[in-house]
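Below is one structure, written out as structure tokens; comments come after it.
Chain IDs A, B and C follow the sequence of writing; residue 1 opens each chain.
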Amino acid sequence: MGYEIKLDIFEGPLDLLLYLIKKNEIDIYDIPIALITRQYLEYIEVLRSLNLDLAGEFLVLASTLIHIKSRMLLPIEADEEMEDEEDPRAELVKQLLEYQAFKEAALQLDSRPVLERDVFKRACPLEMSALPEDLEVFEEMDVFDLVKAFQQMIAKLDRTERMEIDVEKMSLADRINEIMDKLTERKHLTFTELLEERIDRRWILYTFLAVLELMKLKMIKAYQGDSFGVIRIFLAVE
Amino acid sequence: MEEMKAILEALVFASEIPLSVDRIGELFPGTEKNEIKKFLEELIQEYEERKGGIDLQAVAGGYQFRTRADFSQWVKKLRMGKPAGLTPAALETLAVVAYRQPVVKADIDRFRGVDVSGSLKGLLEKKLVRVVGRKDVPGKPILYGTTKKFLEVFNLKDLAELPTLRELKELQE
Amino acid sequence: MEEMKAILEALVFASEIPLSVDRIGELFPGTEKNEIKKFLEELIQEYEERKGGIDLQAVAGGYQFRTRADFSQWVKKLRMGKPAGLTPAALETLAVVAYRQPVVKADIDRFRGVDVSGSLKGLLEKKLVRVVGRKDVPGKPILYGTTKKFLEVFNLKDLAELPTLRELKELQE
């Protein structure tokens, strides 16, 4: 809740900093860091006293400012070194300029004729007799919907049923599908054939794990002629 | 075009249902309904004379833009190739198959808490799901997995590109 | 009106999404795409000169009829003020995604100086942003990009129509 209120004032610490720079009519390329740091900290205090829940990012930037300030106070030992050494403010200036650019871009987007705000498209459904749906054509769908559907489902399940599905598991699923495709086509394969002479370590690992998983699921059977012989893999059920 | 007439055109076009003169009257308290009606009849006339692809018509107690009946065959042709979406039930079943593959139907049923026969059949027909193999246990149950077409439709290079649940949860926090 | 032009008008009107010349081309295998385009440009011109309530516009890689922006207040009144528009935070996040796509969340966070989880999720739900893949670096973070709907909503023909970022240009010089 407090977070929301804060967002109404400044979109984030960079926004606040930019505001201070504009308010003081400061050259962004030559920020008087002591002054700005002081004002920034004052603002944070005000926001806090208003009981606004300050996001951690505001404090992170505060410490960055203090750090830059201290670096600028350090005595410069030799003139040559000064030449090489980067201005401690450079990184922050770059970040501010980038942020400012995106902020402007956001305003420009907002100034366009936005659909359903400034312009409207036909809303009435077309009256037409029932149309056959072509099953072969799909609009591109959004993965986000799929994950959300799954997530909503597992939220309803017991804790024991919940499981994390990570990238590794899905890489394994990819490999399992490929191996099953090959086996359906060729009836039997050797482990070496599955590896397709690739030497990528992850590939070998996933192939191996996929074979183990398939055996565990009793989808394939593996036979070995003798202890150092070729491993042959068959479909468990034709 | 007279501004009032242009506004009426915009309103009829953007309305979700055939727009009645009464409803328009509510937006323009000072204006006579007859005047509104006169403008709309003028618009109908103009569209008719223009002989374009759309007509303004008085239907179901209101006014609505429609494509000219002469061109219905073309509109039908356009709509035939209309991309079909998935029902929420189908999407849920698909999600279980995608994330738990290879998976037997009994497990999908358990996950969704309903018999998924219908949506599974639909997904097989749409070629988003396929039989990956069978399990060598009593009953030899079928194991299901996703297809290449599934990857295409969801614009994925491979299954590893599917966002994980953890990643989605991070977004929500 | 020439029949072909009238048919095109009907098709654009009937389509639920901005209708692309490619899609129209599929319906008229014998017709040059340039000819289709010429007709559509003529229609755009005619609607503009007519100054009615609707305009034909080139958006999101296709053509779509829309109400004239001048009349937005009336349409809003008719629709009874469904709140539309994005918060400044969402707009900033959207701008970063639009200009930096494909982009990972960590970079959007850095550009905006805040954690963008909330606004990113909102944009995904509004279908203005989508998952476009994973970045090939350790951890394989998700890459985000804008959708066709983004172009549709912000009245953009394509991404190239986005104005160049002023400050970034200066930085690079």
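As a convention for this text, a residue touches a chain if its C-beta (ideal position, glycine included) is under 8 Å from a C-beta of that chain, and two chains touch if they have at least 3 such contacts.
This is a predicted model, so every value here is computed, not measured.
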{"item": "Nearest-to-centre chain - CA centroid comparison", "value": "C"}
{"item": "Centroid-based (C-alpha) most distant chain relative to chain A", "value": "B"}
{"item": "Where chain A and chain B are represented by their mean Cα positions, the distance between them in whole Å", "value": "28"}
{"item": "Centre-to-centre distance between chain C and chain A (centres being mean Cα positions), rounded to whole Å", "value": "23"}
{"item": "Mean-CA-position distance for chain C and chain B (Å)", "value": "18"}
{"item": "Per-residue overlap in chain B, given as positions that touch at least 2 other chains", "value": "10, 13-16, 65, 67, 75, 79, 81-82, 155-156, 160-161, 163"}
{"item": "Residue numbers of chain A (touch at least two other chains)", "value": "120-122, 126, 142-144, 167"}
{"item": "Residues on chain C engaged by chain B in the complex (per definition of touch)", "value": "1, 5-16, 19, 23, 26-27, 50-54, 65, 67-68, 71, 74-75, 77-79, 105, 117, 120-121, 124, 130-134, 140, 142"}
{"item": "Interfacial residue positions of chain B with respect to chain A in the complex", "value": "10, 13-18, 64-67, 72, 75-76, 79-86, 88, 91-92, 94-96, 98-102, 111-113, 125-126, 132-137, 140, 143, 145-146, 149, 153-156, 158-166, 168-169"}
{"item": "Touching residues (chain side chain A, partner chain B) in the complex", "value": "120-124, 126-128, 131-135, 137-154, 156-157, 161, 164-167, 170-171, 173-174, 176-177, 180, 183-184, 217-221, 235-237"}
{"item": "List of chain A residues in touch with chain C within their complex", "value": "7, 11-15, 55, 57, 61, 94-95, 97-110, 112-122, 126, 142-144, 167"}
